Amino acid sequence: MVQISIIMGSESDRAISDRAVSVLEKTDYSYEVVVISAHRNPDDLDEYIKNSDALVFITIAGLSAALPGVVASKTKKPVIGVPVSAKLGGLDALLSVTQMPPGVPVAAVGVDNGANGAHLAIRILDLLKA
Amino acid sequence: MVQISIIMGSESDRAISDRAVSVLEKTDYSYEVVVISAHRNPDDLDEYIKNSDALVFITIAGLSAALPGVVASKTKKPVIGVPVSAKLGGLDALLSVTQMPPGVPVAAVGVDNGANGAHLAIRILDLLKA
Amino acid sequence: MVQISIIMGSESDRAISDRAVSVLEKTDYSYEVVVISAHRNPDDLDEYIKNSDALVFITIAGLSAALPGVVASKTKKPVIGVPVSAKLGGLDALLSVTQMPPGVPVAAVGVDNGANGAHLAIRILDLLKA
Amino acid sequence: MVQISIIMGSESDRAISDRAVSVLEKTDYSYEVVVISAHRNPDDLDEYIKNSDALVFITIAGLSAALPGVVASKTKKPVIGVPVSAKLGGLDALLSVTQMPPGVPVAAVGVDNGANGAHLAIRILDLLKA
Amino acid sequence: MVQISIIMGSESDRAISDRAVSVLEKTDYSYEVVVISAHRNPDDLDEYIKNSDALVFITIAGLSAALPGVVASKTKKPVIGVPVSAKLGGLDALLSVTQMPPGVPVAAVGVDNGANGAHLAIRILDLLKA
Amino acid sequence: MVQISIIMGSESDRAISDRAVSVLEKTDYSYEVVVISAHRNPDDLDEYIKNSDALVFITIAGLSAALPGVVASKTKKPVIGVPVSAKLGGLDALLSVTQMPPGVPVAAVGVDNGANGAHLAIRILDLLKA
Amino acid sequence: MVQISIIMGSESDRAISDRAVSVLEKTDYSYEVVVISAHRNPDDLDEYIKNSDALVFITIAGLSAALPGVVASKTKKPVIGVPVSAKLGGLDALLSVTQMPPGVPVAAVGVDNGANGAHLAIRILDLLKA
Amino acid sequence: MVQISIIMGSESDRAISDRAVSVLEKTDYSYEVVVISAHRNPDDLDEYIKNSDALVFITIAGLSAALPGVVASKTKKPVIGVPVSAKLGGLDALLSVTQMPPGVPVAAVGVDNGANGAHLAIRILDLLKA
């Protein structure tokens, strides 16, 4: 069991997930990093989420970044979305991550800001320590 | 069995799907219209697609329009995406529909352009008549 | 003491905070709604945050929406930001809310999406029930 | 006779058409690649389309990408448009390709996404095998 | 024979062409107004341009505004383009009209600015009086 | 006396004016190239325009590209504007050049498209040969 | 003599200048409001600025808002620019007002924010009281 | 005591503040340069502003550039804001700096335009010499 699951949509998002990992390494929270595309491996993603007992998900994706929203639709845990700049300066991913329909919230942080994905997860998990 | 499945993400997209229906009504292609949100009813959507024998899907969604991409990830049939303008003039939906990762194509038409969703489906199905 | 503090930057953001309230009313979480501008009442905001024992902050602001970031810089609790469309379709607020520097995370939801601000708060607080 | 015609508006779009070719090479569909500008060689384009018996057109163009729309106005076959990023991150081409008037549909894929142009063509042609 | 040909892509652009007409009515230049879509009536457009002896063309179109570019590709006369705001505030049309490839120039004026289309035509034709 | 005056706002726009020159060199039209900033040398610009007997002006500027509009306000001759990409992909210059008030038209071409500035000037001057 | 000169580019900007006036009326600073277009009345503007002994200029303009920059090029006094939303949500005016070349500064405030134009002028003039 | 305080939000903004310094060095105005983040060191910033007797503040920040607005909310002196391009071409910072609520004005200059930040400060302080 890990407390934080970091899912990136593509191996090419590794540099961004590394920023999240760098922040988490300085804490005692447990985490794991997996690469599963919402678009190319939907069934794998579905199964992963169902079997995961992570408390918080950090999802990292570029372009039409469906990963955060799909994860948010499959779990009731908080889902953080990190948009990655691949095209158009990352505006495509930023809008895809933020503009979710009511009822399926994603907690978006800034473009390529893997560090803040981790910082936000820490703030959320710190509530459990209080 | 229908040849064309029109899926909209929300009842609020009805005006756009009506434009597609108006075009299809002038043809002899069969179609059905359903409302299933990729974000709020992912399992329903999954089941619907698996059970559908539609040849072409017309998917209609606004905001972070994940519906077209999710459908494209669950079927090998052509999937047409119609972005709907709900916020930001529809730029959010347009980018969400078009900027798919390689291997999971969505055939995007213009913002709110339900008619062209239908016209494109007709061009595709007309190939079967030749 | 309340569990959720909803802070809007201006009385003109009331319609958006009402959407958050509508969602929270269906839960047993306690909340309060206050109007404090980060730009016009910085000292009031400072004092409010220091005296608040809220577990989660939902901050709602338009234009150059500094409120979410300022709150995030004054508390270690999770801060949710709801950008409001006043000009430019809300793009100004969306970018102001999301593009925070590393170390000061804001959990952004979509433009005018007060409902998702509440849904996200609920997901976070539900962790404490598990 | 080829089944798929790939038309690019300029030799400078070659890198994008190569991505389409890479995908098609793994299939048994026949294709040809030509360079004809809708703006600089309109008559050549006109003649090419009239003489072509391709079942699907993949059109690739940047800037004010008129090529996809012009082809779609000259044939009744499905026309796929691949916007190329030359200026403004490709936003100009993306909007030119997608925002077609009702009745003249172009099936747009993402910016520089030649691969998805091919994948979409394959999905369409696969219908003929069923 | 007319000196100025005003071509709009759709009857819905009439309000913008009226602004051009209002300006031209105060001059002694002759003009005619026609409605021909580059996308829906390409052959009609082709024939019209070939038969026209207009000295300047004012072309008015929204969305993926191919009309100005297509006219510019069929004549060697100066072609003025007026982008019309139908979606996205007219940004789609503005980019479609301006971002032409080298060799096929369109003289773009501002969004919905039919008046300046006429004023520019007048400046050009006034050169013949000097 | 020259027929075409090419004015750039800054020496840094030289690469773009060179593209215009390359096109004009293949014609027999006479031209001159000057560097005068509308913002930094307004009186020089004023005097230059008043003393110029050029028939067409090609104005080249980036950022808040006031040069084309200022020239258009000082002469009744056709003024072509070439927006240069310095920041924001050139969107700032493109909007500054195109969005002129009614009565003061600028003939805009695409971002960095000095060649089309020249091609457009040639089309205009060719009218005098007919 | 007035201390503050408010110049708007068009009578249609009156609603925005009224917001500046409302703020100034609560102070003892003297001001005057004039309508002079930088593009349509360049010589009037030139003369007005040369004859003005205002200490601060508040300039208000939409579209390709050259007025602030032109005033800043003609005076050495501080020039405040208020972009007005006429098209594209005011993005055109915002970029025209802000993106000035080094050496000719304009102090931009937000879109349609005539009030802040006045508040900024007051802050500047208050320095003279200290 | 210094007359001009230059505050940048991060050491990474040094190149932009250097441009301001280069301009100020040619004048006899005194200045100091400090690095204080509005988001990461809010209390330091608060204390700095309260203890400063600078007449004008030049604030330099990227991303969600809250620094200018926060300074403007803590002082009644003129505050100049220089948006820095870190992501999205600097559009995020530009909108954050300009779109302030009425009553808390920031004098924005262009993206990365540290020079104009200084030039504007000089124009303001020159009023005291008159």
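To keep things simple, chains are lettered A, B, C, D, E, F, G and H as they appear, and every chain counts its residues starting from 1.
Heads up, the rule we're going with is that contacts are C-beta pairs under 8 Å (C-beta built on N, C-alpha and C of every residue); 3 or more make two chains touch, one makes a residue touch a chain.
The UniProt protein names, listed by chain, are A, B, C, D, E, F, G, H = N5-carboxyaminoimidazole ribonucleotide mutase.
All values derive from a computational prediction rather than experimental measurement.
Undergrad: Tell me the rotation angle, 0 to 180 degrees, that brings the C-alpha atoms of subunit B onto subunit E, to the nearest 5.
TA: Superposing subunit B on subunit E takes a rotation of 90 degrees, nearest 5.
Undergrad: Looking at where subunit D touches subunit E, is over half of the residue numbers used by both copies, so same, or under half, so different?
TA: same
Undergrad: Taking each chain's centre as the mean of its CA atoms, how far is subunit A from subunit E in angstrom?
TA: 49
Undergrad: Suppose each chain is reduced to the average of its Cα coordinates; what separation in Å results between subunit A and subunit C?
TA: Centres of subunit A and subunit C (C-alpha means) sit 21 Å apart.
Undergrad: Name the residues of subunit D that each touch 2 or more other chains.
TA: 63-64, 87-89, 91, 98-100, 103-104, 110-111
Undergrad: Each pair of chains that touch: what are they?
TA: All touching pairs, sorted by chain label, are A-B, A-C, A-D, A-H, B-C, B-D, B-E, C-G, C-H, D-E, D-F, E-F, E-G, F-G, F-H, G-H.
Undergrad: Help me check something: in the complex, which residues belonging to subunit E touch subunit F?
TA: Within the complex, subunit E contacts subunit F at residues 19, 55-56, 76-80, 94, 98-100, 102-111, 113, 115-117, 119-120, 123-128, 130.
Undergrad: Contact residues on subunit C for subunit B in the complex?
TA: Subunit C residues touching subunit B: 85, 89-91, 110-112.
Undergrad: Would you tell me which residues of subunit D are touching subunit F in their complex?
TA: Residue list for subunit D touching subunit F: 63-64, 87-89.
Undergrad: For subunit F, which residues count as touching subunit G in their complex?
TA: Interface residues on the subunit F side: 9-10, 37-40, 42, 46, 63-64, 66, 69-70, 72-74, 87-88, 91-93, 95-101, 103-104.
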